[in-house]
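Letters A, B, C and D name the chains as they come in the text, with residue numbers starting at 1 for each one.
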Amino acid sequence: MIKVGIIGSTGYAGAEIVKLIQNHPEAEVVWFGSKSFEGEPFASVYRNMFELVDEKCLGDNIDELADKVDVIFTATPQGLCSKIINEDVLSKTKVIDLSADFRIKDVDIYEKWYGIKHESPEFIDEAVYGLCEINRDKTKDARLIANPGCYTTCSILSIYPLVKEGLIDPKSIIVDAKSGTTGAGRGAKVANLFCEVNENIKAYGVTTHRHTPEIEEQLSYAADEDVVINFTPHLVPMQRGILVTAYANLTKDVTYDEVKAVYDKYYKDEKFIRVLNKDLCPETRFVANSNYTDINFKIDERTGRIVMMGALDNLVKGAAGQAVQNMNIMFGLPEETGIDLVPSSV
Amino acid sequence: MIKVGIIGSTGYAGAEIVKLIQNHPEAEVVWFGSKSFEGEPFASVYRNMFELVDEKCLGDNIDELADKVDVIFTATPQGLCSKIINEDVLSKTKVIDLSADFRIKDVDIYEKWYGIKHESPEFIDEAVYGLCEINRDKTKDARLIANPGCYTTCSILSIYPLVKEGLIDPKSIIVDAKSGTTGAGRGAKVANLFCEVNENIKAYGVTTHRHTPEIEEQLSYAADEDVVINFTPHLVPMQRGILVTAYANLTKDVTYDEVKAVYDKYYKDEKFIRVLNKDLCPETRFVANSNYTDINFKIDERTGRIVMMGALDNLVKGAAGQAVQNMNIMFGLPEETGIDLVPSSV
Amino acid sequence: MIKVGIIGSTGYAGAEIVKLIQNHPEAEVVWFGSKSFEGEPFASVYRNMFELVDEKCLGDNIDELADKVDVIFTATPQGLCSKIINEDVLSKTKVIDLSADFRIKDVDIYEKWYGIKHESPEFIDEAVYGLCEINRDKTKDARLIANPGCYTTCSILSIYPLVKEGLIDPKSIIVDAKSGTTGAGRGAKVANLFCEVNENIKAYGVTTHRHTPEIEEQLSYAADEDVVINFTPHLVPMQRGILVTAYANLTKDVTYDEVKAVYDKYYKDEKFIRVLNKDLCPETRFVANSNYTDINFKIDERTGRIVMMGALDNLVKGAAGQAVQNMNIMFGLPEETGIDLVPSSV
Amino acid sequence: MIKVGIIGSTGYAGAEIVKLIQNHPEAEVVWFGSKSFEGEPFASVYRNMFELVDEKCLGDNIDELADKVDVIFTATPQGLCSKIINEDVLSKTKVIDLSADFRIKDVDIYEKWYGIKHESPEFIDEAVYGLCEINRDKTKDARLIANPGCYTTCSILSIYPLVKEGLIDPKSIIVDAKSGTTGAGRGAKVANLFCEVNENIKAYGVTTHRHTPEIEEQLSYAADEDVVINFTPHLVPMQRGILVTAYANLTKDVTYDEVKAVYDKYYKDEKFIRVLNKDLCPETRFVANSNYTDINFKIDERTGRIVMMGALDNLVKGAAGQAVQNMNIMFGLPEETGIDLVPSSV
């Protein structure tokens, strides 16, 4: 059994890792880290876990943790992982960081967009960007995984093949994204109260959202040139799910079949990516509570653009599920172990 | 592998059976019955199943079905199962009926509350009322299971021990129940449109809801006298979940510990029933997408009454989950096989 | 023009008063009190008021306020009004208190249920319980109004006529109530986050909710004997609305028409109370954003009980609307002035 | 009093007209047309109107209607108004059509996008496109108003000033729009059931939605050249509200103040259009149940684009409210009469 430690187990992403590992035949959580609830039973914070998890929440002493577990998930605010990580920890255990600390290779860009100083830039280079379907080869031998953001996973998976194959102009990409409210976290803020979120939709972080440079960096690798995009996130009155609607100019006349062939080239054998049948639009409900990403596209001959769409569950493929997928790769397990979840029917 | 046939696989309960059997290591669905969608791919109706279920929907020819499967689930409107069932079918296969056709032993009561003629009363006697935690001994050898209703499962499990042990006056029982909207089915009715259900709560079927005699019959067995109750269901703007708040007069002075001991007597070893810690109220979210029923109670010394509360997922323990639990019992499998689902964290 | 001051204008009830007074032809808000947002523009807290309210939030100096306004609404936590009120204020201005401070005549009961010491019991006697349809005669000349609670308004209006006329046994009353989440206030608490409230229903405050003694006191006046009830509130994933489902034993055989006549006796001429047609159940959506209370009942001959149902908008008739209705009575205006709102169609 | 007739009074837009006219001091509904509910009391279909509307639903005999009313609102499916309208009707009464029949001047474009034959093209020319803030001068003397679509009103108002002033490249416009579910109508369709819409977001009508040519036509007038855009609508699990997020390339370097000045040039004196303070994003809740449109923008210097955002209530400014605003203009009333509604606080 893989011994798992979680720092930040009582946030929504952390709790989702706990839930997934409960289902995982080869892993078990032995450290439920949570500064806010240290000393309290985990199941008193997440009462769905009554009689399923007996342990109490522990602190975030990563050095002690490194001696006890095979892998540490950090599901913590930006800046925490980079502050506490060190060579000793990485020499003893693997780390999968769900924050943004190691996602961006250029530390200046990180510090500019996140507004904080990076406290361990020496590990940025070795960190593998854990977008499994694209980087799984590098993941196998990694000590440190930068688990991708929710918006970024959905955006990149939806756009990547067309950039890579040169079908769209990278300078023309616009990503309009919509997220459920678990993405806003479990902090007690007025803006996230039921009565403030329900019956409402809004954009936020317009032109300044931190997932922007992360999407740009990955698409730049695919385009082999610098990509700058517009990215606009929106908050939707639902709990789970991200929908991406992305727009770009086609670089040439293409047919549906030609574009479909490009997506299939990259995703045909990917269990967790489903390119839908013609004219069907991805819906977040059809991937809820699963690790799937549903993708499709529509060519607009009138404007010469293509509309690319993707949907995933922000807590699963957008966070905890992909983190476990990375763990499976790192430990040589079949990739779907413990996360082969059938999406909700309703 | 147990071969499963479903008649009515495209309703919400039927689709939940499909989902659960996808996860079941010892069973597989080989017949996706659906009159409404006959000939169409199941995954075109439930697009969450894209690439997971390839089969097309079939009809409801139960005789043909009986030759092909080990167990038939009928997730169909009242009156359908009793119309098509026959001795030949029961001699070849097991039937788990999710409708009300075989739940009530007194056919006159059935016909009065449901307003339809029962077309095969000869099978009522042998049908086992499939409330697993109470009737599992009879289920083992049954050919025909009457799978309990959603409201009834939650109501009976919440109240049963106190009636059985004589702690409450059976004549004083009032059940005020609240259900998510999947309980209203997938039919295209104006009353169930998003804009009619959302931001609203209402009672319905006041004094006339069909689950009333079902609850009464089962509680009468426990009380060993005729029980007549008030039962009021309400529609709540959420998808899954039933919450029961039940009231009754205590027959004597009792302490919290005494009542707790009574619940524990019946449920301590029941995996799927969780009697919560003192003063915690069941919430539907903590059992969502699982087969658990959460139960608790509060003594009101001022009025001499006890408030009993229960929560379950109406599509799982209230329908498909309990149906699979019954299947497991009938086929000698561990009861939790395929339905050992961790409830949602959020 | 009536000059209005509000202490606590940035809570949900306070903001609803602001909205209603915006529509009121004979009143205007001249003091937007809010300790939390003192100095900030009201419209930066409630952005619906952009370009409609230009004023900044002020403090809660009631003595200064008393010199400037004709009426003060206190939409504040329990204990605040009784702490700051004094004879000088009451000699200069009228006070309508939306908290519970002056609702309960027996100060011991107040202090027991609310767990705080009452700091101005000398004003309790003169305070008028502002349930307009029942107490409007006393309201006319009052200096201090105790504006009823949301649950209590709905509960009392639904039950009062039958208690008053002796049709039900007051000892048998059980009130099962359901509320939208604005009732939980605008405080930043994890329990009220969108992701904690949505897709969930739960009871809370079982046997201990503070509205219990308030309902009991008013029904005791009607029954002319001490009434003790069970009251159970539930939190529903919607913003506005309270639904009450109440149960009681009938004291004699009665017909639908006889009970209807009793309700009509009290409510036929009441604009804001609508006794629905036979067999229709009140729904919160049909009174949303209005000052109406919809009421109906169902006799259960099987059990000898009657089910009484009521629905209102907790922020309007359950708080701000009734407060303005009281203001209108106190100032000799037609009762519906400014609150003659058509409920939402959808 | 203006006598109002409504054909299609029981759809969501029609019922909203009924509600608004209830509040209107100078108008009254005298004909509640509804083919589906002919003969039934209007208040049995919309129970919010109990005791407020006593009339029964009538048919759609427009000739009879023309003799009885001063203005007819047609809130009906596409093709109905153009089928029943005639010169005699227009000579007797004014018609405000909430369908698309007279919005598009080029009948070929109408027939292509709507897939139906236009049955009275002879009235297209005289019909005034009733976007009040832009066309009110023409509205004054019109007999026939083509009331704009919900998406189009929001899109055009958000984009119009920048196109008109040449600040953005009309060829680069992309409109990503999100709508509440009342926009999908009150028809009994599975896709609009609560359990299919809730906890979900999806795009639909990608590249083919019928509001596309309507937006294009109006923006073409502003640009004085043919404008072709991408328009993608999305369905959001809420009842009311449209949010538009639109993208375009700036034609030159501009500052925030310069762009703000352009919006102010067009909207500073418009009561129902609020250009928000810098960096605030429009939210649908802040305009709910009102006739306001909230607008703002953000310049993205990195990409050279501008993000334009608008929010309105699809049933009010997006349908019934604008229709009444047009009626007010046509009858010489102050434009805000009866629709001067304060948006919901929560």
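One rule holds for everything that comes next: contacts are C-beta pairs under 8 Å (C-beta built on N, C-alpha and C of every residue); 3 or more make two chains touch, one makes a residue touch a chain.
Not measured: the values here are computed from a predicted model.
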Figure out the least number of contact steps between chain B and chain C, where 1 means they touch directly.
1
Could you check which of B-C, A-C or A-B has the same interface as C-D, with more than half of the contact pairs identical by residue number?
A-B
How big is the gap, in whole Å, between where the Cα atoms of chain B centre and where those of chain D centre?
46
State, to the nearest whole Å, the distance from the C-alpha centre of chain A to the C-alpha centre of chain D.
38
Let me have the rounded angstrom distance from the C-alpha centre of chain A over to the C-alpha centre of chain B, please.
37
Sites on chain D at which at least two other chains make contact
12, 182, 195-196, 198-199, 237-240, 283, 285, 288, 346
Chain A - residues contacting chain B, complex
12, 15-16, 18-19, 22-23, 46-52, 182, 199, 239-240, 274, 276-277, 280, 283, 285-290, 294, 315, 342-346
Can you check the complex and tell me which residues of chain C touch chain A?
12, 181-182, 186, 188-190, 192-199, 237-239
For the chain B and chain C complex, residues of the former touching the latter:
174, 176, 178, 180, 195-196, 198-204, 206-207, 228-230, 232, 234, 236-241, 243, 245, 247, 281-285, 288, 298-300, 302-303, 305, 307, 309, 311, 346
